[in-house]
Amino acid sequence: MKVTVHRKAHFNAAHRLYNKDWSDYKNEAVVGKCNNPHFHGHNYELIVSVKGEIDPITGYVMDMKILKDLIKTEVEDAFDHKNLNLQVPEFKDLNPTAENIAVVIWNKLEAQLKDNLELTITLYETPRNFVTYNGKD
Amino acid sequence: MKVTVHRKAHFNAAHRLYNKDWSDYKNEAVVGKCNNPHFHGHNYELIVSVKGEIDPITGYVMDMKILKDLIKTEVEDAFDHKNLNLQVPEFKDLNPTAENIAVVIWNKLEAQLKDNLELTITLYETPRNFVTYNGKD
Amino acid sequence: MKVTVHRKAHFNAAHRLYNKDWSDYKNEAVVGKCNNPHFHGHNYELIVSVKGEIDPITGYVMDMKILKDLIKTEVEDAFDHKNLNLQVPEFKDLNPTAENIAVVIWNKLEAQLKDNLELTITLYETPRNFVTYNGKD
Amino acid sequence: MKVTVHRKAHFNAAHRLYNKDWSDYKNEAVVGKCNNPHFHGHNYELIVSVKGEIDPITGYVMDMKILKDLIKTEVEDAFDHKNLNLQVPEFKDLNPTAENIAVVIWNKLEAQLKDNLELTITLYETPRNFVTYNGKD
Amino acid sequence: MKVTVHRKAHFNAAHRLYNKDWSDYKNEAVVGKCNNPHFHGHNYELIVSVKGEIDPITGYVMDMKILKDLIKTEVEDAFDHKNLNLQVPEFKDLNPTAENIAVVIWNKLEAQLKDNLELTITLYETPRNFVTYNGKD
Amino acid sequence: MKVTVHRKAHFNAAHRLYNKDWSDYKNEAVVGKCNNPHFHGHNYELIVSVKGEIDPITGYVMDMKILKDLIKTEVEDAFDHKNLNLQVPEFKDLNPTAENIAVVIWNKLEAQLKDNLELTITLYETPRNFVTYNGKD
C-alpha cells in the first residue's frame, strides 16, 4: 500500500511565449498578449508529489527535508527571479508554457529520485491556470 | 506523454433539492434544509481539467483562451445568476445536486472537445463540499 | 492596549436585488442579472471581529465559544439555507445587498455584546466581492 | 459512471516524531526538530473523498450529513485537541507522521463505509505539506 | 454610517528593481536578485476598497459593475502582461516596487472616484508579500 | 503619505491553556478542551505589517529581506516546533492564548524596528480563529 506525499514550493519568473519559426504577425495571432516581446511574469506555485511505500522504521515515504532541499537545488535556484527564455538553458529552444515548464521540472526531479518512487508535478502559472504532469500516457 | 491543463471559473445560482415523487414530509426528512421551497444558493467554483498531448508547435495541450471561451458559453452564460430548478432546462426533471450539476457540465463540455482530450470536472458547492467527475467508471 | 479577535463563519442563501418602487425595466437596467426574479444565491463567508482589552485572568478578549454560539444563534440559524427576500424579516423592505446584510448582522450582534467591545463585520458575497462595516462614520 | 464527493474537516493536535528503538542522538539526527520531546502541534486539515454511483432517487453518491457525522465520530472526536502520541491508542506504537495518520483515518472510515464506495484520504499537516492515501498499491 | 466595498482583480507583469543612479555593484548589493537585468515577474493580486455611505435607493455604496469596469480600464488594460519598467509610463523614472505600484494605482483610481468616497489599495506581489495604501499619513 | 508592507510567516507549536491559580475543575469548565494537560497544537500563520514612508531612493518602506530575517530570528527560531508553555520563557507565567502570543510577538519585533515605523501583528491560530494587535488603545 502506497502513500503520496506532497510538498509546496514557489518561484517568480519572467517569460514570453513565441515560436521563433513564425512571423510576428502569426505569433501575435496565436499567442496573443503572452507574446509581449518585453516579457511578462508570474508567481509560479509548485506542488511536488511523490508516491511510495511508507518506511516502517521512520514512518516516512521520503524525508521531506531531503525533498525540500532537492526542490531548492533543482527548481528554485535554477528558475527563481530569472527570465526563463533568456537565462534558463532548457527553454533556449522550448516555449516556456506552463505545460513545458512542468515537464522540465519533472525530468529534473525524476533524475534525482529513487526508482521505486512515482513523481507528479502540479504547476500553477496563476491561481486560475495550472497543469499536472506525471510522466505517463 | 500527456499533460493535464486546468482552468478555474465560477458562477452563482439558486437551487432547491427535492424529489417530486415524494411527500413534503419525506423530502424534509431526507433532504433537510436543502429542501427549502423558497430556494437557497451557492457560489459554485469550477475547475475544468483537460488531458492530452502537448502540441510541439505551440507548447499547449489546448489554447486556454479557447477553453475559457467554451466555459463561458456552455457553463457561465447558462447557469450564472440563474435558478437552476426553474431556469436551466437540464434540471427540469433532475435534482440539481452537486453530483448531477457536475455530470451535466461534463456532458456539455465533452461534446465540444476533440476526441483525443480527456475531461474532468471538479465542482465546489461550498469551500467544504465538492465533487469530481471524469465520465469513467 | 486592545486586541481584536476574529472568528469566521458561513451561510448559504438565495436573494434577489430589486427596488419595488421601480419598473421592471429600470430594475433590469440598474441591477442587471442580480435582479433575476427567480433568485440566485451565494455562499456567504463572514468574519466577525471583536476588539477589547485582554482579560488578565483568562488571556482572552472574549471566549471564542461564546462568540461562536452567538454567531450561530443570531446569523446562521436566521440566514442559512434561506431565501433572504422571502424568509428573513429584516429584508422585507430592505434590498439584501452585501452592504445591507452586513449592517443587519452588525446590528444583531452589537445588541448582544458588552459595551466595552467594538464590533466589525466583514462579509464575502463571493471570493471576489466583499464588504466591511464597523458602525462608525 | 461514478462521481467522487469530497468533504473537508479539521482537527488540532500535538505530536512528536521519534523511534523508541533509537538513541536520542539518532532520533535527533534523523527526525530533527520534529523530535522535540515536549511536543509540537498542527492544525490538520482533512479531505475525505468517497467515490460511487449517483443514487438516481436522491441525486447523491452519499448523504453528506451522514459523511459529516461519520468524520465527527471517527476522526474529530478521537483526535481533536489531543496529544496523538499519548492519548490516541493507534499511535501508541506507531509514529504519528502525516503518512501514518492518513492510513489510520482511512482504516477507521473504510470500516464504516458500504463496500461499493471507494475512499481516499488527503491530510494537510501544514498548508505546505500534505499526504494522500487510497488503500491501493 | 459608512460601509467599505472591496473588489478583487489581478494582472501579470514583468519588472526589475534598480536605481539608475547607482553602480551595478550597488544595485546588486542593495536590491539583490530583484535587480536581474533580464527581468522577473509576478501575478499581482489587487483589492480595491471604496468606503462611503449606502445609497438608500439601490442599497449600494457604489455599483460594483462600474468599479469593475474602472479597474479594467485604469489597471488591467494598462499593466496586464506588460513589462512595467519598459512599457508603463508611470515607471519610466520610478522603481516598480510593490509600494510604488500601489501608489500609482491609487492615484489613477482616486482621480476617477467621486469626492465622498475613500479609496484603499491592497496589492499582493506574491502570496507572502503585500502592501496597503490609502493616501493618508 | 505612508504605505504599509506586509510579510507572511508561520510556525508550528504545542500549547495548553490553563490558569495555575484555578482548580482542575475550574480550568476544565472555563477553558474546555484547550486545557488538555497533554497539550494540543497549531500551525500558526503570522502576518507582520509595517507602516512608514516610502524611501525615495529604494522605493521601499523597509527592505523585506531585513524584515524576513527579523521574523526568523525573533519569532520562528524562538517558537517553531516548540512547546510554548514549557520551552518559551515569555509564557512561563502567561497563558499562551492567541491574544497573548500576538502581544509577545509585537513586543519582540517593535523593539527591533526604527521609531518611525508602526507595527501590526495578525496571528492565525487556525484558519477560522485569528487576532490582530497594533500596540494601541
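As written, the chain order gives the labels A, B, C, D, E and F, with residue 1 at the start of each chain.
Following the convention adopted for this analysis, a residue touches a chain if its C-beta (ideal position, glycine included) is under 8 Å from a C-beta of that chain, and two chains touch if they have at least 3 such contacts.
Being a predicted model, the structure only gives us computed values, none of them experimental.
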Via touching chains, chain D connects to chain F in a minimum step count of 1
Two candidates, A-E and A-B; the one with more touching C-beta pairs is A-E
Max Cα-centre separation from chain E goes to chain D
Taking each chain's mean CA coordinate, chain C and chain E are separated, in whole Å, by 29
Between the Cα centroids of chain C and chain D the separation in whole angstrom comes to 34
Listed in rising order, chain A residues that touch 2 or more other chains are 127
In contact, pair by pair, are chains A-B, A-D, A-E, B-C, B-D, C-E, C-F, D-F, E-F
Listed in rising order, chain F residues that touch chain D in their complex are 10, 12-15, 33-34, 36, 38-43, 45, 80-83, 86-87, 126-127
Per the touch rule above, chain B residues touching chain A in the complex are 1-8, 49, 54, 57-61, 63-65
Per the touch rule, the chain F residues reaching chain C in their complex are 17, 19, 30-32, 94-100, 102-103, 127-133, 135-137
